[in-house]
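Each chain gets a letter, A, B, C and D, in the order it is written, and its residues are counted from 1.
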């Protein structure tokens, strides 16, 4: 049995699926729409069980998933959705111990997952130009106990990044095409680059600047998440869905010693992202 | 400048985007459709630059992304796609240091990413009933230097899992509904459970057994990945796409002390997975 | 210049895109949220121009599209969406002069388009078991001047349809699998059959009964409609979309003189609905 | 029982789902990969039954659906897919008796459906600049007995269309933005305009020119068609799908007497194309 400890980040979920994320702190209270919880009364309780407000209303006491943490982050900007973040982790190959640079920090959603994924031996450096955003993000990261893995920088990235030979870099800014040169110089050659923009016009602009600055293996994609009503005998997709969050663009900064191929045919690789082919060798 | 070292897992990508993943081993050779590479000639070369076969054909020398690793795994079974694995990481909240159980091992695709994500301080226990599959997976994991993070078990999970109080568990088997009881008993209460099945009928069966065994917060979804041709002035989705890999099902094993709500209305939560609401509190 | 005539069905669209569909009738008034229109003042006005309420608020006077007619039908049941109806027309090959049977009538949305498509020389026979629904549908059809092309029947189709040798038949009922025998006997051999159901479980049930009753060339599909914000320099999909309306099932009633093929392989034809192949011959 | 008559357009479908569309002509033969059919032996046979080649291989004798006709048209250009054509019919409100103009003719796929939908009392005028394309289209239309409803014009539409006060017009050309002025002048005010282009950049260009020329109620959308394997106990989407054919753009030519609204907010209407609202009135 795993029990909730002081300092743990937990989630309380009511019958109406209203949820609250909190860090258990002795002496504090949580006020919900269905009554009050004393943190002290939650500390020591078994995770996955029901706990009750002073009014007797039941809530499940849970460890929040990464998906929950992102969805419920306090924000004053558009955040990157978990569906997109999951795929970013795969393409940027984020793993324990590596160093990742991101700009801008925003509300700290992606920052949270990056900090979690690089682990205590890794490092996330996060640039932001707006102080209020940075403060919000820092508060969000502190709340989940991950702030010490982040180096927050308040800076216009037009001036460039301080770091070099960086493993991976992600641009979540309205005009990433203005910073692809800076990104190229910050990344180690062959590093991992990604960006997210909401409109097709932005994708085109970014593609032009990535080609110009020396990025190759460029891919553009969208991740769509379709939920189903989990009713066994009436299984069907939900009526509505989030139809668009943004286009994801990935690429690798390379150093080319031969002229590029004349045709773009190789780019059409992504037209058929078949997993069937096995070209690996030892 | 980061250079390739003996023992590194690297990727060679030709002009035609044919790629080869290999572990650099002094004295070995790689035979490609465009000529031969001596591993010794690759060791010490800068990542992100072009290297040449004995015939003079250029290939880029790169660190493979996690996406690349999965796509090019040697397999003799259907693998879980990176688009799905990324989202599984978000819902199962896999992070450095945790213990994850999976069954079956298959070709080891998900195993690879889990091993990477839990890091050297975490642990992956992977059950498989077919010895040939397990051997293939072990070989795949050894090739990328992650085998030592995995405990491989050759076992029919109908007998149950050896572990208890496990953080997260994933079932990638044709009949997960037969093992939800075992999964429930292995997971810590409130832990993270996930599964993937290709057909709607399997989803229904799994949902029934999850409800029966004590899982709550059940969600069913599909992740769709749509690629675009990365041509700035002719931006368009690719003509074809992978339209279906599988349905993802997630849930949390809970211990209920009050009767469940009479209606299923709360389940419709997933109908509108809006991220706009901020219910978090401190 | 085309002008609106008494008896015409027109649409008035305000600046806020609120729209009103009406049949121009001398002496009548339309009350909108922005003021009143006298029908007499609209009669004789040019279509595609602005007209003004008694308060001076502008509305465009337009001929409603078929899409508009369906979207704004008065309803007390779920209607079939235009995206689905358009594809139904293609698969059922509805065209001027043919006879189509449908059940149930519902609010008359599909009935409206069928009536329009078969033209004055064709015929639509529409079965409904609920009198209130039939009355609503009849009123909707009268409003758009198409009621005389419909034969409304108040009948439980469990008793069978009156017609035989029918060109095409569509079942929009909750339990179409109970009526596939009746449908088979009503259709001419080789005729066109279609149905729409919202859940996967219903699809499975319907497929079983279609096979049993002698339908072949069975296809199951979904039509998804994704809107974009029509802003040239910020082109992007809309944030939300209708993610599901229903599954469409089509088939042809055949008379088989040889045993069916042993494998289902041929069914996988639909797996790759490539239009590239040209097998036609003269 | 409906039997095949001389002059009928029929389809023969083999066990492997290979299909042949032909017009029954006394004295002719059809050579298939499984043997020969004498047209005379097919004339008088019941539709929906099996017929046999001289080698004894069975084929079903069917009336082709509109979907079949389009899919199997002889082509030397990209055609518009049935999924798109069905929705075009709904938005352009094509129905018996109306006049529709299209450019270019291409292989005649859309032309075929338009000719069918307007019926013998309607009219389709189809412009094409390439003579070889026009010849192919005419042959395709003749084969299905619809050529006499089409007025084919060999003309560069930069010179304008001959017609005025046209009900509906569709542009299927690579540069529709060059012809929106001509389209506006050809359509009756308030008429129905549509176009299809494959890339996002083309959509943007077309939107700019439509606004400039006086089109309003502009919508941009994509129709996606997802097939399922029709296996009742293993229901699942097909593995691959056609992911993109083109973007559809619709609009109405209007005559504006008041300045347009300052904000674009009304355009966001399409963001939520809810059918729930019922603004209709009598």
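In this text, a contact is a pair of C-beta atoms (placed from the backbone, for glycine too) under 8 Å apart; a residue touches a chain by one contact, two chains touch by 3 or more.
The structure presented is a predicted model; accordingly, all values stated were derived computationally and were not measured.
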item	value
Neighbouring chains common to chain B and chain D, by label	A, C
Pair joined by more contacting C-beta pairs (B-C or C-D)	C-D
Centre-of-Cα separation between chain D and chain C, whole angstrom	18
Rounded Å distance, chain A centre to chain C centre (Cα mean)	43
Chain C, residues touching no fewer than two other chains	200-201, 203-204, 226-227, 233, 235, 238-240, 242
Parts of chain A lying in touch with chain D, wherever the complex brings them together	200-201, 203-204
Complex interface listing, chain C residues touching chain D	1-2, 13, 15-23, 28, 30-32, 46-50, 58, 60-67, 70-75, 79, 81-83, 85-93, 95-97, 113, 116-117, 119-121, 143, 165, 188-192, 200, 203-205, 207-208, 211, 216-233, 235, 238-240, 242, 247, 249, 252-258, 261, 264, 266-275, 277-282
Residue ranges of chain C touching chain A (in the complex, touch as defined)	198-201, 226-227, 233-244
